[in-house]
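The structures come next, written out as structure tokens.
Next, two complexes with subunit A in common: one pairs it with subunit B, the other with subunit C.
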Partner chain A sequence: MNDKLDRQTLQKHLAQLPLTHPERRAAVVPLMQSLQAERGHLDDRGVEEVAQVTGLSTTEVEELATFYSLIYRHPAGRHVLRVCDSLCCSLQGADRLLQAAEQYSGVSLGKISPDGAFSILPSICLGLCDQAPAALLDGEAVGPLNEAALQVLLRRLQEVD
Partner chain B sequence: MGTMRIDGHDIPFQENDNILKAALAANIEIPYFCYHAALGSLGACRLCAVEVASVDPTQSPRVVMSCLEFARDGLNVSVSAAAARQVRQRVIEFLMINHPHDCPVCDEGGECHLQEMTVACGPPYRRYRGRKRTFTNQYLGPLVHHEMNRCITCYRCTRFYQDYALGDDLGSMRLRNEVYFGRFQDGPLTSPFAGNLVEICPTGVFTDAVFRQHFARVWDLETAPSICPHCSVGCNTLPGARDGTLRRMRNRFHPELNRWFICDRGRYGHQYSEHIDRPLTPRVRDEKVSYREALAAAAEQIKAARDKTSGLGSTREDLESNAMLQTLLNKLSGRFATFSDPQIETATVAAVAALQSSGGAPSLAEIEQADAALVVGDLTAHAPMMDLALRQAYRAGAKLAILHSGPSLLARFAATTLTVPPQEISAHLLRLHEQATAAPTAPTAPAPSNKHEKELADIAVYLTAAQRPVLIGVSETMAVPEIAAMVQLATALGSRAKLAYALPGANTYGTILLTPTTSTTAMLEAIESGQIQTLIVIGNDPLGDARLGTRWRAARRHLSTLIVLDCVATATAEAADILLPVAAWAERGGTFVNYEGRAQGFAPVFQRTEPLPNTVEVLADLAHCLELALPDAAAVLSNLFPGYQAPLPGTLGSALSAPPLTMQTGTTIGPASSAHPGHWQVALASWYGDDPLASYAPALMELAPAAAALIHPTAAFKEGIEDKKQVRLRGPAGTVVLPVQLNNDVAAGTIALSRVTLTQLGVGHGDLLELEHIS
Partner chain C sequence: MEAVLTRHIEANAPLDLEAYRSVGGYRSLDAAFARKPEEIIEIVEAANLRGRGGAGFSCGLKWRLRDADAPRPRYLVCNIDESEPGTFKDRYLLYGGPHQIIEAVIVSAYALQAEKAVIFVRGEYGKGGHGLHRAIKEAEMAGLVGSNICGSGFDLQMEVHISGGRYICGEETAMLNAIEGLRPNPRHKMPRPSVKGLWQHPTTTNNVETLVNVPHILLNGADWFRALGINSGCGPKLFCVSGMVHQPGLFELPCGTPARELIFEHAGGLAEGRTLLGFIPGGASTAFLLPEHLDVPMDFDPVAKAGSRLGTASIIVLDDTTCPVQVTLNLMRFFARESCGFCTPCRDGIPYLAQILATIASGEGRAEDLVLLEELSGIIALQSFCAFAPGAMIPLISSLQCFHDHYESHIDTGCCPFDAVNKSGA
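Let's look at the complex of A and B:
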């Protein structure tokens, strides 16, 4: 993706930011999201671009980018399955689920499947404790999960595109 | 303000104290990591657990974090309670899970807070047998070394670096047990205060990269209370030496000055004393000789020249050495001066006269309390810790106004920045004075052609409204009219206003009190007319002077003998006929008088394997060879300054009482014309590592900005000058070809240049210069 286009995307987003962002720096999260939507993840160049537009330093942008678990600083698959491993889900077998996901897909956590279709990530509490063990698939809640349901999900992911 | 009980002892506390702070003040040790007196409480480490008894006896006591709990009257606290001890032990055990077992090879060993706390509170054995989390370290530049695996996430580093010192290139990244303190990418830390990370980190994540190159175990270091020799602030330091060499510099607490911190010039500038070119052997012409031979040769020349001997002292030489040289010259009926540039001499007289009559300069602690401040010049480069004090004022809401001609790091925090050519500074100050004195109802007189009217009005408003306004000028880049205009402004603001000047050397205040009026010009002229044959220079570099180096170099040819006493290889030392190397600061004791007029003593820390005499000793030995009876330094000083008592090293220092200087009149306060067709005004583009001693410190110098001609983009555009293009600059001493660097912090019609470039061109701040395009 060329730099110029990215700058334009950013500028466009900046222009569209609602009045709730009168302070440029406050636009940092929507800007990171917008770049991530463009490229699948926020790369180093993206951090620099966001810094330039918001007036924050690259370090300050990096602090935020690496704090929010929904911002990816590394390439991710086209689909992302985030399996919760926090307290409730853990008690309901999340750790086994994560192991099964790795075994079934042959892709280790945080890596991308060879066809680029998906990544599986462990996640902190998703606020879906009532559906434990829970997961987010491309932002949609799924749960309670079991190994069979997980396999169905993963197969679907491999088939979609 | 109240009393609480800690383990059966009554402990007083102040309002808003937390339990930890009050306990520490009473010398009760509650273990802690993340709390710091300058940074406050955070509650990140959980080590400061104590047990607090409930007021209701039916309720059981609870464990709280002592740094987060206010001290209250009648509160009953136990540090020794089993429950609190257990929490602290577990906290240490958790922290040690990932901490490497590298104490035997860790630089922090011997002064590691984590090591001490682990021994004091932790379990003696590690139960954890699993894999440890490991991080990749970053290259943070030549001054600070990074070892992230040792981190205990107390957040002290970022709280100091970002919150306190307002740096933005070190931060806390990531989540959970992967929290990482570093930069976005590898690269040198940019803050002038980065070196404080070494002391603020309670373990060995950030260590001194310079000390590391020539390391010693800290318990093997010789130390003694010293004073930083690198600028006029006079921060208190603790040098560490071993085997006859100086290894490192640390902060030493002074409640009114530097408190817990020092700047990187102060911390890393000390490498000058171990520089490979440092003169260590006396020399007569081209021959290395013994100390006695050099002395005898010097005495012989002085005898031959008789009353044609003169002496040049220095602002970086201590009070004793300058006073002794002056006394020696009195005996020889010779002239005595202390500055190599008469313009800087008169500006310094004016600045010190102003400080004396304004009732004293504010301490750094007082500068921190300012609610509005006006800074004239690049303060960071000339007195870094004054900048750090102003950053604290800014954090507390003070409005800062910066009036400057070239780059200034403080401008980022200014409410109002006025970037004007050097020769227009005084006009702006005068106008500001008018604005500040105008009765609120009277319409302000229209200022002829001042495009900054609005900004000046803003500054006038917040300076006059302030309860504790502070005015700070950088005297090296100011002329008498500007200094006088600042005094006028301070007077107009009334007695609540405080006035300070950053002076150009550690002992400038003390030196100027010994300097006869206009002595530099008189001395130069006397040399040029052959009235002086032998010149004794101590710790000064007239031949390397930016503005007058050429004239001094020409004058030098009229001298039959140049005798130099110094601890660095300056141009003057190299040109000396007789060179007498002297002890560097940590190798001797003496007194510096800082910008407030505070005399502070420093003690000898160590001796070199082949000890060098200090300047006073050399002068005394020289007098002896000349068969002159010279009183000792203490006697000389009590003669000069009534009631003088040498301030003891390690104390807070004492005000030096001296007869008031008078600001040299004859220079009218008025706007200088600044239209010079075909010429550019020169501004000194200094930086925080720029001082005559620190420029011999290799690690610090790696960070020196590359030589360039800094020009404002608009000015460059008007002249058809492009960024990065080479231009030729022509000054009285020579021409220099440099790449252009566009910089928004440079005034119109002005070129900002480094001190080295100024010396090559033979110009000083505010002088004129020609610029030629190179096709």
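Let's look at the complex of A and C:
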């Protein structure tokens, strides 16, 4: 846990600091996002690195990492499907869709498929109520979904990898 | 009404700088720089542009509340953290027209004489946020953002903050904490952000839909803007309609358009044989309205008079196959999950309400539970730190009033009547 960042990595991270802000800690969210994009999740080393660059303690970084729903402190699948379970999607069958996703894939919500290809997460309103029931696949909108479309989508994820 | 805000919105291929300029984009910069900042605030105030993020506060007045001689640096924060269930209007603006947002932020920052602008984008709209970032870089290269914009002597730095994702970050002061790298709890009401906001500097926060109206007001005048609305409303308005309708979608129409027209004409009405149970007019934290309210103009004051709020002007339609207890339970679970956890009444109270509602929804509730829900909702709304919990209590209290019979029948019959109906109907 004590390994210091090498100069090059530190420079790369510093280059992402928002220039308009007077304090380094403003970079904490962009840094967590950038490390997660590289590694699939924010690992323990990442928490240390973010703390070093921003001047925050690891506890403070941990507090933020666990507060934000889009920062993963545990490994996730290579593809992440976030299925909306808020009102408009729920009215259009999101609850059944989430059940079907678990049944079809055999993977519980929040877990990783055995081949590491995907994770399925329930999500609050994604702002896709006009495409309900909707989901975000690696940040891209998909919807309206039904059980058949969901099966095709999950199968494709496994094949692509 | 001819589209104003969505006229050049291209969802899959937003206009780049050159294309946006070729359709008249960035023309409002000349109109702005030719005026004194104070004059722009006067025009916006005369236009009666009211905040489109939900509160409906006068934009001009909000700008005036930040002293003209406030110490520097001053910040303008543009809010694109839309996460209110039922609301997706800002997504269209972000993904479909980043340069329209940049233009709006420039002229608004000029009116406020703010030299730093942060555009806060919800994490789920990250791809749109990256597109906006690229568009800002394009605008910087063209001299539209940065030092001495178009030779005006006005300097503006602009950046995008993509959120780590939580509903509470859309609250004005939680957003400031999020940008500063602090835990995004809402701050104390005083001092106001206009005095001590981002990094303790004077800060003005506006929803993105509010701001994108400003260039059009500058180019066409306050009278033109006011005349675009109907039934006392002013200007164009982005309406979202979703839920149990044929064609959910975003509709740009005169502010003041009645709910009936939105639901039955633009969104295609309900499925055949269904009747309207009610609707939520302005996103998840607004009170339910009933079929008798269909002709209420969707504008701030008329919707308030009808007992609800225009909020984000996002209508969620419920039909007679929808169980209002389940709907309310879904909303309470949303709020329970999204509570920031800072104060106890909200953190512990809302999950408790959701638990009681779940008991009633499943048919295992007792008559005392309804009394408990009423009592607790009042206590939680009064005792919590910020506006989140009171907002969460609004649909609950309203649901208990509007759909009281449904709650009673769940308790009396020991089951959800809609389960039986939907199963036999399906």
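Definition applied: the second predicted complex is superposed on the first by the 144 of 161 C-alpha atoms of A that agree within 3 Å, B and C clash if a C-alpha of one lies under 4 Å from a C-alpha of the other, contacts with A are read in each partner's own complex, and residues count from 1 in each chain.
Going forward, contacts are C-beta pairs under 8 Å (C-beta built on N, C-alpha and C of every residue); 3 or more make two chains touch, one makes a residue touch a chain.
All values reported here derive from a predicted model rather than from experimental measurement.
Trainee: Mind checking the superposed model to see whether subunit B and subunit C fit together on subunit A or clash?
Mentor: These partners clash in the superposed model.
Trainee: Give one of first, second, both or neither to describe whether A:128 is in contact with subunit B, with subunit C, with both, or with none.
Mentor: second
Trainee: Would you sort A:25 into first (subunit B), second (subunit C), both or neither based on which partner it touches?
Mentor: The answer is second: A:25 touches subunit C but not subunit B.
Trainee: Looking at the overlay, what does A:87 touch: subunit B (first), subunit C (second), both, or neither?
Mentor: second
Trainee: Taking the superposition as given, does A:63 touch the first partner, subunit B, the second, subunit C, both, or neither?
Mentor: both
Trainee: By residue count, which of the two partners contacts subunit A more extensively, subunit B or subunit C?
Mentor: Here the partner covering more residues of subunit A is C.
Trainee: If we overlay the two complexes on their shared chain A, which of subunit B and subunit C does A:44 touch? Say first, second, both or neither.
Mentor: A:44 contacts subunit B only, not subunit C.
Trainee: Tell me the contact category for A:148 with respect to subunit B and subunit C: first, second, both or neither.
Mentor: It touches nothing on subunit B or subunit C.
Trainee: So which subunit C segment collides with subunit B once the two are superposed: 39-47, 75-83 or 381-389?
Mentor: It is 381-389; the other listed stretches have no clashes.
Trainee: Which subunit A residues lie in the overlap of the subunit B contact set and the subunit C contact set?
Mentor: 56, 63, 67, 69, 124
Trainee: Quick check: in the complex, which residue numbers of subunit A touch subunit C?
Mentor: So the residues of subunit A touching subunit C come out as 18-23, 25-30, 32-33, 54, 56, 63-64, 67-71, 82, 85-88, 90-91, 123-132, 136, 139-140.
Trainee: Please name which positions on subunit A make contact with subunit B in the complex.
Mentor: Residues 44, 47, 56-63, 66-67, 69, 124.
Trainee: Quick one: in the complex, what on subunit B touches subunit A?
Mentor: Those residues of subunit B that touch subunit A are 168-176, 180, 183-185.
Trainee: Quick one: which bits of subunit C touch subunit A in the complex? Just the residue numbers, please.
Mentor: Residues of subunit C touching subunit A: 82-88, 90-91, 116, 118, 122-127, 157, 159, 161-167, 178-184, 199, 240, 242-244, 248-250, 284, 314, 316, 318, 322, 327, 330-331, 334, 337-338, 340.
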